[in-house]
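What follows is a set of structures to go through.
Each of the next two complexes has subunit A plus one other chain: subunit B in the first, subunit C in the second.
Let's turn to the complex of A and B:
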């Protein structure tokens, strides 16, 4: 990812900031500026997710590109946040056999990747057992 | 009065025992553990560094008390393992707790006392009315070269303190420092591991400065060791703080709660901040706390603190994990896993 591209999405990645439609009460992550249900009647506001939820489904990554190679095997999951919206994110675990569908998780702040020894370090949100 | 508004610590989950390290180098683990008083140390996960520890500690502090991030006017992160040589840790922390952009920020370095130097800076800004709240963090993923004595203690962890004037949970009655140019421990730019002056790190360095600042503090306050319920000293191991406490006239019961080194190791800039967090986890209104940090090079910052009623009414201590909870929540690594975690294995590039 280029430096400007990750920088633009930084706030959302650090803090799980999405949006909420105040008209119908639906939450969106990544943020949407238009509510597909309410269209023009929708009132969209920024919303910071609590960061708690559960695993809907997950897969185990056993081979990865250079940047993530040292971290294999690792788990990437679809997580349903308590507010109702779903997102895909890495789940931290010391033993991949401990992860299961329905497991409660909470967000934490971790290093996502580093561009070699001299490039930019990307930080963001991962999930860990609650 | 200026004081601590809220606090939070963070300790990574992984541990390695001194015995396991000793085995690799053909050393006697029991002898080393007993000599240092350190039996195991924390190890960061592969995706943790001093910045992620600082962010998670700051978030734990804010989980305990509803502080409007927009009222945070300054952030100082003290560490000797900032992830970048040039690019501040403190602004990423600010972004991750929603305090940007109207704030000042800087990274501090003063070996193991950069975190307490941040507390002093925030106190000055709050007392002068320049800011409402300041955040001071001490956080490190300490480095020790393989087989060096430091490898048995160099650990990871940190803690954050929000400093302000309104209803502090603990008032900081006074602070003072004792600093000189002393070459006991150093790391040159671009070097992966620090070097130290061996025996030189004790008498003319740690003991002289910690005692210097501690005596200065008690002289200024007109107090004696018996006036304090708790005392926290910098803990590069468990032996130094125990000895300096005894030299100053503090009893083992006074330092026990704040002495995390036996189960945590030396978290450098995080050491005194984590020790103070451990005391605040259990402190009652009226308790008086004595704090003295130490940073090689060398200097010590002393603090005289009184816990207020607000610790029972203004914060929810259970909203973030206590130091004791984090010390007990652990996964042991063997040396090979530890070497991978710490990036000590040379990979083909």
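Let's turn to the complex of A and C:
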């Protein structure tokens, strides 16, 4: 991912900051600048998520793209945050067999990937057992 | 709106075609379709080419012009347009061609699809395909396409109790059909054990749950129904061709293992075609992974949610079953050159309705349907066909 493309949403990625529509009360992560429910009537403001939630479903990536090859196997999951919004993120655990649907998790700041030896290092939010 | 018919089909062999280029394969399929329609290239008034990622796989954009040029049609200056909706790119090309004729804008249009996937490494292919999901909020975390469909599969199995063996039967059935299709990438039958013993790609999906990386192209000639008899004795009428969208990310779906875009597109198609589910004699569905076929059969309305695994295990969707699904071998065995798949599905249904499918012919097939998915279900195209 190019530097400006990553930098643009860096604060959101590092701090789990999404958005909330004050008109309908729906929370969004990833952040949305237009509320799909209220559209032009919506009022979007930033919102920092508590970072706790549960696993809705998950998989273990065994064959990855080149950039993630050294990390395999790793767990990815769809997580429902306590605010009700869902997102996709890696789950860190010492034993991939310990992950289950409904498992409580909390966010943590981690390295995601690196663009080779001299490119940018992408950090962001992963999840661990609560 | 005018009635539209398919009057010609053309397919290349699907597989790892090291000796053939992107443009050569697309031209080969187009020429076969024109030959099949018994017309002249000069009869073609407009062209749509479905292609997902020429930009990533062969570093080529401007696909419409390239194919018009190498087909010898650039000197006729016909409009040539590339369509893109990830793995539903071919379906889009077909639907655009249908609408182009139905609207009265043109009488004779070619819709093609092409993908050349083996000119880059496996890792690059995986990464390019991940672009069918949300690059910034799914792909960035290393999520692959198999892992997205695996999350669907885990959700589905957890809720409906489908067994691993029932899921494997989708691949076994499609390989049986592929073994009877001369253009299929894999013309080899397999057993449930072949699937269960294959390597894990993204739990719970194994290698034999996944469609392969494939080179190939497909093309169909469409024409207004009133002129169809000029070109063929057995035109196939397009009863409906519909498209629907949904959220780009799997995590934003109303239901993880229901493709609402499939539900919407299929409902619209059946409404327009004015037929019932029970009237359909065969379906080509988008089985990029085994779980995708299970969801497709249910979301198109052929059975209740949670039943497709059992029906598959019982042979309901087999070649000699009540509703044969993926007689071509599907994406699993016939192969999945992503941009070509939506057109290949149309070729298969037309071939079946003409009674020309050889060893995999469904006896007396009159009505067939196609179902083409982009990404994890953010775009769906469904089309219904009838022999006339």
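Methods note: the second predicted complex is superposed on the first by the 130 of 130 C-alpha atoms of A that agree within 3 Å, B and C clash if a C-alpha of one lies under 4 Å from a C-alpha of the other, contacts with A are read in each partner's own complex, and residues count from 1 in each chain.
Simple rule for what comes next: contacts are C-beta pairs under 8 Å (C-beta built on N, C-alpha and C of every residue); 3 or more make two chains touch, one makes a residue touch a chain.
Small disclaimer: the values here were computed from a predicted structure and weren't measured.
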item: Overlay on subunit A: subunit C relative to subunit B, clash or fit; value: fit
item: Touched partner set for A:86, first subunit B, second subunit C, both or neither; value: second
item: Touched partner set for A:112, first subunit B, second subunit C, both or neither; value: both
item: Subunit B versus subunit C as contact partner of A:63, first or second or both or neither; value: second
item: Vertex subunit A; arms to subunit B and subunit C (CA centroids, nearest 10 degrees); value: 150
item: Contacts of A:94 with subunit B and subunit C, given as first, second, both or neither; value: first
item: In the superposition, subunit B vs subunit C on subunit A residues touched; value: C
item: Contacts of A:122 with subunit B and subunit C, given as first, second, both or neither; value: second
item: Which superposed partner A:30 touches (first subunit B, second subunit C, both, neither); value: second
item: Partner chain(s) touched by A:78 [first = subunit B, second = subunit C, both, neither]; value: second
item: Partner chain in contact with A:15 - subunit B first, subunit C second, else both or neither; value: first
item: Subunit B and subunit C, minimum CA distance [Å, superposed model]; value: 12
item: Shared contact residues on subunit A - subunit B and subunit C; value: 71, 112
item: Subunit B-touching residues of subunit A, taken from the complex the two chains share; value: 10-11, 14-15, 48, 70-71, 92, 94, 108-112, 121, 123, 126
item: Touch list for subunit A against partner subunit C, complex; value: 1, 5, 9, 30, 56-69, 71, 74, 76-78, 86-90, 101, 112-113, 122, 124
item: Contact footprint of subunit A on subunit B as seen in their complex; value: 13-14, 45-49, 51-52, 55-56, 59, 83-84, 92, 95-96, 98, 331, 340, 347
item: Residue ranges of subunit C in contact with subunit A within the complex; value: 121, 123-124, 126-127, 130, 134, 136-138, 140-144, 146-148, 150-152, 154-155, 158, 199-205, 249-252, 256
